[in-house]
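In the two complexes below, subunit A is the common chain; its partner is subunit B in one and subunit C in the other.
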Partner chain A sequence: MDMNEIKEIFFQECEEQLAELESGLLKLNDGDRDPETVNAVFRAVHSIKGGAGAFGLDDLVSFAHVFETTLDCVRSNKLEPTQDVLKVMLKSADVLADLTNAARDGGSVDEARSRTLIRELEALAHGEAPAAAEAPAPKPAAAAPKAAAPAPVVEKPPVNDEGFQPIPFSFGDFDEEPADRYVPTCQVVFKPKKDLYAKGNEAVLLLRDVSRLGEMSVYCDMDSLPPLDKMNPEEAYFSWKISVTTDKGEDGVRSVFEFAEWDCDLDIHTIEEDVVGEASDDEELPMQPVPFDLSMLDEGGPSAGGEEEPTAVEGDAAAAVAAAETATKVSQAASRAAENAKAAASAAGAAQANQAAAAGQTIRVDLDRVDRLINLVGELVINQAMLSQSVVENDNNGASSINMGLEELQQLTREIQDSVMAIRAQPVKPVFQRMARTVREIADITGKSVRLITEGENTEVDKTVIDKLAEPLTHMIRNAVDHGLEMPEKREALGKNPEGTVRLTAKHRSGRIVIELADDGAGINREKVRQKAIDNDLIAADANLSDEEIDNLIFHAGFSTADKVSDLSGRGVGMDVVKRSIQALGGRISISSKPGQGSVFTMSLPLTLAVLDGMVVTVAGQTLVVPLTAIVETLQPEASAIHSFGASQRLISIRNSFCPLVDVGRILNFRTIQANPIEGVALLVESEGGGQRALMVDAIQGQRQVVIKSLEANYTHVPGIAAATILGDGRVALILDVDAVVAASRGQSLKQDISLAATG
Partner chain B sequence: MASRKAAQKSLSLAPVLDLNEATALHQQLMKLKGNPLVIDASAVERVGALCAQVLMAGAKSWEEDRQPFTFGKVSDPFMKTMQLIGVNIDHLLAQEARQ
Partner chain C sequence: MTTYAVKNLTHGRELIAFRIGEQEFCVNIMSVREIRGWTPATSMPHAPPYVLGVINLRGAVLPIVDLSLRLGMKPAEPTVRHVIIVAQVGPKVVGLLVDAVSDILTVTNENIQPTPDIANEAEKAYARGILAIEGRMICLIELDSLFPHTESEAA
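Entry: the complex of A and B
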């Protein structure tokens, strides 16, 4: 694996971390105060920083570092994650994403923006930090990180591996510390986990780095070490109690363990020098060497004597534990920081455990391979259909064993297909998260206050669908915020919450994914839309349109109701482009709007672009496939149910309601004369704008799963036809675009060009 | 209990006792179990915590078997690393290796 591949993996992981970061921040924004959430956020930035450091991406590292420092203040409860704080953090997350992208493919970064944010982040870290507990402690120093720059110990190339420095075990030095200079002593309990070693970290090097911070004494706890024959040589048995006196303080020590933090139990706390005997809250006591420290340091001495004699070890360990307990008590009394650190450490542990449990094992697979597999399975399905068909055709004496075998084969093929499709299925979460950023940015530009609520982010859909969803969604969100929502003052005047809400939801409904985008804005101004349509010569001035039809006018090319064209939307390329991209995905889009209450855009998309359950029908001698998801029911019309209407329109009455009858053969120009409905079959379909239509076909051949082959890619786009497929007998059948057909039939009430626009 | 008359064995440690070496070292020690053992650590340049664990577990097992387990020669890096990680092997050092 060369460096570039590793780098690529790093960037992939960055994407995941960024998503994690954003969702965590949004949770915090929603009032989630779970320390695990804060930890997850912190971890995300931290990991990005770590990886970036390894690749020498200095910009990324330095920004991540500042960000991380501020997050650390939140983590240690020194900074309250208020809305204002989170606003800065969300923006920082955006910049971090930009920086990552820039590092990946050389995109540009708004430097002014990142500099401003660095300042804001630093201000947050500074501004709040002094308010917190420990004045003489080293925290404030750590909160001023920029100068110290990105790299904590690990990133500095380690000097040379043999150059171990002996650890001074003498405490004479300790006493020589000038009494007027306060040097905190940190107690570290460091218990590596197996993973720490498995990931190539080395406890020895960590200890060496700690020893470089200052005076260190160490006690190695070997109690859990089993005899040789019972041990796993790669398991972690040793743990350490370390006491280090360093002017780098707790943070300095913590930074040593920075990249191992998640793979060990780590408890670091500072022993307040001014705590003599009993607890004292007065932080201005003169510093004195404390008996406690010496006793703890003594642990290192005697224990060094007889590790291998079980009794001696026990005795030492007991003493060490006792001492540690004392330490905890004493420091608890005086130092809130110690508690914070502990809480953070334990929360980090818990979070990690959770994460480990939640994230199953995954592998990264090249998308091409999956596509090849899907393609092959598609061929398999077609082949299997051909095989069954030829068996049926040649089978005169009913060899049931062959038929049974074929049925089993069919089931297996189906299962294989489903499983393969599931490989491609991905949650829509990443797209939704990108929308959060879009909303933030547009809200900023327009000066509106917007809250994006997302639901069902974990709804899964084929990766190609997800990839193509982002663009239309961005358009729509922009529209919703720019046109849909009113300005805060106006909202207030209307008695609405000045903060507008945009709700983005995804859910599965009958084999499709339905994505809804709802805003609580003004809704569509139908009068304005209508007037505009008339002005633009889209409809006749006296055309009688239903509300729904008016609403749908906004999907027409070149239509924009915004009075002035803004930078964001309203260039008239918005909604028709959206509609086209959704249609290209085999999807439908509809709008419902209530004046004063907002609009809801509903998109319904196929879960996959590769296969489809369809009803195979005959129309004027042609074989067509109608997507099953569109069909509500099928019926054999009776003469009494057919009613003529106008010159060429016909209605069918179904259970006392009338429904337009659409002759598919005529719409597609397969025939010029209307077929006799009584000789055909009617398929009742649900059309996009609500309302039902009865599609008339000549006969139903059966129901089948078909593999979709793109017409556009292999031939050219045909209005009214969504795609093609290959049937069992090897013939090509066209897949009907139900919405286009319905729209074309409805188009007769509109002007011709509209119907063409809708289908094309 | 292992035979007290077993022949003394010796084991020379590899220069680099890192993560990868731990399992190998463990296997080597397992093979030598039951025999008095002198370990030659004079060539060691680097030793990681996992190998230190294996060595100490070995010392423990040998102790249980009442067989001598000593470090004949030790290199400076080996001693210093052991000191650094708080593992004291003074009592395991052969006379000539003690200072």
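Entry: the complex of A and C
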């Protein structure tokens, strides 16, 4: 593995850390005060800093360092994470992301911006930092980060007679069974003199270092503590008795005290193994154990000084006693505290390992490999279908063993396909998180106050869709904030909350992913849009357009209603680009707007590559596939149920309700005259718009699972057609876009784009 | 097969020549992916007349264009004798229906004569030049200009 590959992995991890960072900050912003959230945020920045340091990315390191310092203040409760503080932090997270991108792809960052933020962060860190030297409240044990198990102990059994070479085996998981361990235990008596504190050393830090060597139990001897009135604040009164089980041996322990040796009484000796059992059994100990809560180490340690020490211990005593109630062994409490300290103070390594363990094991796989697998499975499904078909053609007796085998094969291929698809499916969360940043930036520039609410972030969709979603969404969010929302003063005057709301929702609906972007702004000014369309020759001056049609005009090229063109949006390239990129993904976009209440953009996107259960039908000699999810029921119309309505419309009565009859063949231009409904089959469908329609097809061939093939890859988006597939006979069949067909039957032409363009 | 080759191959480029009706055309060999026989295509709604439909090319959906109609000549009536030239046009792959593939030519730029002035706008748009080879006239076609963004206007 060369350096570049490692670097690539680092940047991938950076992305994950940045996502973690942002979601953590947003949680804090929403009032989450869980110390673990703060820790997660801190870890993310710390990991980025650490990695960046290894690659010599100085800009990144220096910024991350300042950021980390400020976060540390939050972590140690020196800095209250107020909205203002978080605003700076979120911006810092953005800059950190920029710096990471710049480090990866080259390119420059807005240096002025990062410098300003560095100053702001430093101000936050210094402004309120060591004002009060009070002992911070100990964290509840439940919230303490759980570190990974102590370093695995590698045991090497002797080579046995058969020359069998044993493999070193980690006993890390079994550390409750110390019976056969050849790890020495050191007994340390540590009595600091006052010089130790005077020189700026700190007993707690030394204890923490010892705790890193292995499993440690510690007892504090407070016998020599005089009554308060006789106590000299400069004097040292405490001593500690430590027993630590470590593979570093006596020397390892001694090296911890290397710089303190002259200022304390130190007695270190290795004890026999059986003493370990005694030592960890409190009842046999000659000394009354005092539970010592090391969680204070989390807080970065109290300021140095002899007088500090007793107060801190006293302050912690109550919590420590409470902890002792639940912990039966002091050693457990101590080791937990030690782990606590380890996790908090050391690099995020341990915590990361912990996270990874919680999230299940993952591997990184090149996307190309996954795609190849998916394509192959797609071919497999088609082949399997072809095979079944030829078997059916050659064998009319359906009970043969071949048929049964084929059915099993079909189930297997289906399962394989589902599993493979699941590999590519990813939650939309990362894209939504990027939108949070967009909203912040635009809100800043426009001076509007905006709150972004996201829902359904864990909705999964194919990775390609996610990747291509970011750009159109960014455009739309910009538009929503820049054009949609009013200025705070105006909102207030209108009796609205001065803070605008933009709501981003994702959900699965009938085999597609539906993404909704709603704002509570002014809505579309239809008069203005209409006038603009007339000015730009998009429509004739006397054109009679419904509200819906006027709203849809904003998707046309060269259209912008904003009076002034801003940096963000308003160059008139926005919405038509959005529409095109959504269409390129095989999706649709629609808008509904209420004046004064805001607009809702609804994007419906396919979960591309997904398999589709479809009904194979014949229309005017063509084979089409209708997604099964859209079909409510199928029926054979009777002549008495068909009623003419107006000039060309026909309705079908189904259980005394009338439903428009739509001839699919005509809508798709496969034939020019309407088919006779009595000779065909009606498919009752429910569309996204909510209405029911009866689609007329000539015949139903059967029901089949089909692989969606993109038409856009080599051709273009076809109105009324969602995608293509390959049937058992190897021919291409088109998959009907039910919603588009229904919309077309409502009078909106499928070729609306062209007809409008032609008038211009 | 007659192969017209010039001595200086380093400056030569290879073209694939094919026949539509009485006329001969050629395209750059680099844009040709493969040549295959005609299979019935699935027709597409709302497609321009020269798009015959789509076929399955080993799992990919491939649009088939009647090149004769696209070049403004009479529509082809596909038979098993017709061939499909699978060509890369920009980011997309299209199948071009032609009567037959005749030659692989290696030519230099000197062999290519400019398109005559008499040609009308339609021909001028796709014709990049004319080759005179062994008494035949072969028109060099620029596929990119025949399918700007491949049919995106068709939607």
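In the analysis below, the second predicted complex is superposed on the first by the 420 of 760 C-alpha atoms of A that agree within 3 Å, B and C clash if a C-alpha of one lies under 4 Å from a C-alpha of the other, contacts with A are read in each partner's own complex, and residues count from 1 in each chain.
As a convention for this text, a contact is a pair of C-beta atoms (placed from the backbone, for glycine too) under 8 Å apart; a residue touches a chain by one contact, two chains touch by 3 or more.
Computed from a prediction, not measured in an experiment: that's the story for all the values here.
Engineer: Identify the partner contact of A:375: answer first if only subunit B is touched, second if only subunit C is, both if each is, neither if none is.
Structural biologist: The answer is second: A:375 touches subunit C but not subunit B.
Engineer: One more residue to check, A:670. First (subunit B), second (subunit C), both or neither?
Structural biologist: second
Engineer: In the overlay, answer first, second, both or neither for which of subunit B and subunit C A:426 touches.
Structural biologist: neither
Engineer: A:713 in the overlay: touching subunit B, subunit C, both, or neither? Say first, second, both or neither.
Structural biologist: second
Engineer: Between subunit B and subunit C, whom does A:733 touch in the aligned arrangement: first, second, both, or neither?
Structural biologist: Touch partner of A:733: subunit C, not subunit B.
Engineer: Could you say whether A:70 touches subunit B, subunit C, both of them, or neither, answering first, second, both or neither?
Structural biologist: neither
Engineer: Report the residues of subunit B in contact with subunit A in the complex, numbered from low to high.
Structural biologist: It is residues 18-19, 22-23, 25-26, 29-30, 33, 45-50, 52-54, 56-61, 63-64, 77, 80-81, 83-92 of subunit B that touch subunit A.
Engineer: Which residues, counting only subunit C, touch subunit A once they are in their complex?
Structural biologist: 40-47, 51, 53-56, 59-63, 92-94, 150-152, 154-155
Engineer: Show me the residue ranges of subunit A that touch subunit B in the complex, using the header's touch definition.
Structural biologist: Residue positions touching the partner: 161-162, 164-167, 169, 192, 197-198, 200, 202-204, 207-208, 211, 218-220, 222, 225-229, 231, 233-234, 236-238, 240, 300, 303-309.
Engineer: In the complex of these two chains, what residues of subunit A are touching subunit C?
Structural biologist: It is residues 375, 378-379, 382, 583, 622-623, 668-670, 709-711, 713-721, 724, 726, 730-734, 750-751, 753-754 of subunit A that touch subunit C.
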